[in-house]
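Chain lettering (A, B and C) follows the sequence in which the chains are written, and residue indices restart at 1 in each chain.
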Amino acid sequence: MVARAPYWKTLTQPLIRQNPVTLQILGLCSALAVTTTLATALTMSVSLTIVVTLSCGIISLIRRHIPDTIRMIVQIVIIAAMVIVIDQFLQAYFAEISRALSVYVWLITTNCVVMARTETYASHNPPLPSMVDGFGYGLGYSLILMILGGLRELFGKGELFGAQVLPLADQGGWFTPLSLMLLAPSGFFLLGGMVWAIRSIRPEQAEAPEHTPPARMEPAQ
Amino acid sequence: MAARDWNPLRRLLALPNESRTKTILVAFLVSAISAALVSGATVWLRPIQAANRAAEEQARIAALVQGIPGMSDLLEQSGGTLSTVVIDLDRGRAAAEVTPATLEAALADPANWTVLDAGQNIAGLGQRPNFVQVYLLRDGDTVSLLLLPLSGQGYGGRIDAIMALRGDMNTIAGIAVTQHSETPGLGARIEESSWRASFPGTELRDASGELRFRVARGPASGVHEVDGITGATRTGRGVTQMVRFWLGPDGYGPLLDAIERGEF
Amino acid sequence: MSDAWNLFLLAAFVDNMPLTLFLGLCTFLALSRRTESAIGLGVAMTFVLGVSVPLNHLIYQAVLAPGAWAWAGRPELDLSYLALIAFIGVIAAIVQLLEMVLDRYFPRIHAAFGVFLPLLTVQCVILGGSLFMVERSYNFAQSAVFGFGSGVGFFVAVVMLSAIRVRLAYADLPAGLRGLGIAFVLTGLMSLGFASFTQMAAAQ
């Protein structure tokens, strides 16, 4: 009865068609703060994917016994516990990257992606589909983060994963890094551009205009 | 997760979700299990974290020492290794009762920390340990190189560094940053060798003995300044305050005076 | 007094939560279409931040910080890794309490806030405020100023963005940029503008 096709759809849908960042406006905070280098973006992506998959699994296991009055706080406590464990693990084995990520790993607790999936899907579905769904959303989120991180590190420093890819001008090459890429505004611009690109390729994701102009063509005042 | 063989538990789980008993039970169980999981993971991983930090610190010291010009000659003269000792900061000499092995236990006791008042607290630390482990290189009876751990509040969090001073206790031989939480690409550049290269040869005090060291806002202008990092002014100020605190009377000041007088 | 004012300006403008630290963007973008919802969100955020950051400071210092249990003879106990769960619990309790108080004594304000209040529990801004307070080692007074200032900064930013987006309803945008896309670009421009405030901090 469990065919491979339904899980495949659950897994791949969040990549473009239902991407949490570009369509559902979820998980933005960390998407911008930690994408200055590919290494931090990758660590954040992996951490979030692990947290969302495990949290969905655990919450789905006990979903029948969670009283409605304490529903949200129970979910948050479970997610917070997962996050702390992952953070301790990062501090032990990836200390440098953990320092670069600082509080943003702990902010995975309030990451809208995790809460949205546990609240809407894992609370009403059996464990295995919930975990696949969570993993899929983690992948969708990771895709955006990796692209952002790659673009920002490449044009901001000429590096990818710390390795010099574009030779810097002050070391004899031709590339002058765009320092703006390392600052906050560039993340917003790049995301806006990505949203524009995705919605141009898939027009069904574009939002409807709030105001239809009158039938007569008049110059704007 | 529900056990199959405990009748009371099954009865409890079969209660309607909204009943008071079940609410309290679920809340308690979730909290207890989460706390156990988190504490277990932390306790298990903490030794590994401490070991990693210690190994990193050793590596930084080794790298710092290698990076100081003329270091290899100095090392050869003294026999090749740095010696280490725990210093009593208030008295400016080696601590009588504390050794590097017992330092961590000693610092767990709040009696071995000095609270700083607003006038002293220029590095944003709040309080300062009374004992610090330093590294030094002796040349006969005199100290030819002194490695001092520093810490202070930067822009995004604490900055830890190790500064190397030459035998005159006034000229910086080099600096290594061991920990920081500064902005990647901006303040985080304090760990890059290109910025640290402006430290060797910088002097701390002027002729009258006043601490003049600072991180400039732009290129360094004068023998008491090091280059600033564009876009990281506050990180630079954090470093300035950190150096001024630790090299001043509330930090290693008494120790440096003792070394200059030849009493160390 | 000037230290408090400086810290307030720092929290509100230099380290603006949505525009510089990237916190709270989900609700920032989702609720900035209309000015009324933006104002409601801003006020709720300011209140919860102003109360939760100092309260979390007290709890952190009393229970979780390294050395907090020295009075009981256990100075080496370091429970700071539990800060996350503790802060979330406190924030959830504050929000719940606020909702109950408003519902009981100020029902009109409660109706005006609508759905924002429960939503605030899971806001990165609120948790982020407390986490930054720990990382920067603020004392109690500084925590209060920092919390309140961050809230005011969020309020200013979200109201500004909503004012622009309301006007954009009449603009002729490419289909792909409508809504979320242009909101990102606008936020980026505002963020660029706010970046000039760092000079204000550096000049001190």
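Basically, contacts are C-beta pairs under 8 Å (C-beta built on N, C-alpha and C of every residue); 3 or more make two chains touch, one makes a residue touch a chain.
Just so it is clear, the model here is predicted, and its values are computed rather than measured.
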item: Category of the chain touch graph - line, ring, star, complete, other; value: complete
item: Comparison of B-C and A-C by number of C-beta pairs in contact, larger one; value: A-C
item: Rounded Å distance between chain B and chain C, as computed from the means of their C-alpha atoms; value: 30
item: Euclidean distance of C-alpha centroids - chain A vs chain C, Å; value: 21
item: Numbers and ranges of chain B residues touching at least 2 other chains; value: 34-35, 38, 42, 156-157, 181, 231
item: Chain A residues counted as touching two or more neighbouring chains; value: 73, 77, 80-81, 84, 88, 102, 183
item: In chain C, residues with contacts to at least two other chains; value: 81-82, 85, 135
item: Touching residues (chain side chain A, partner chain B) in the complex; value: 36-37, 40, 61-62, 64-70, 73-74, 77-78, 80-81, 84-85, 88-89, 91-93, 95, 99-100, 102, 156-157, 179, 182-183
item: Complex contacts: residues of chain B adjacent to chain A; value: 1-2, 13, 17-19, 22-23, 26-27, 30-31, 34-35, 37-38, 41-42, 45-46, 48-49, 52-53, 56, 156-157, 179-181, 184-186, 188, 231
item: Chain B residues within the chain C interface of the complex; value: 34-35, 38-39, 42, 108-110, 124, 126, 153, 156-158, 181, 217, 231, 233-234, 237
item: Of chain C, residues touching chain A in the complex; value: 19-26, 29-30, 81-82, 84-85, 88-89, 92, 118, 121-124, 126-128, 131-132, 135, 169-170, 172-185, 187-189, 191-192, 195
item: Parts of chain A lying in touch with chain C, wherever the complex brings them together; value: 22, 25-33, 72-73, 76-77, 80-81, 83-84, 87-88, 102-103, 106-107, 109-112, 115, 183-189, 191-192, 195-200, 203, 206-211, 213, 220
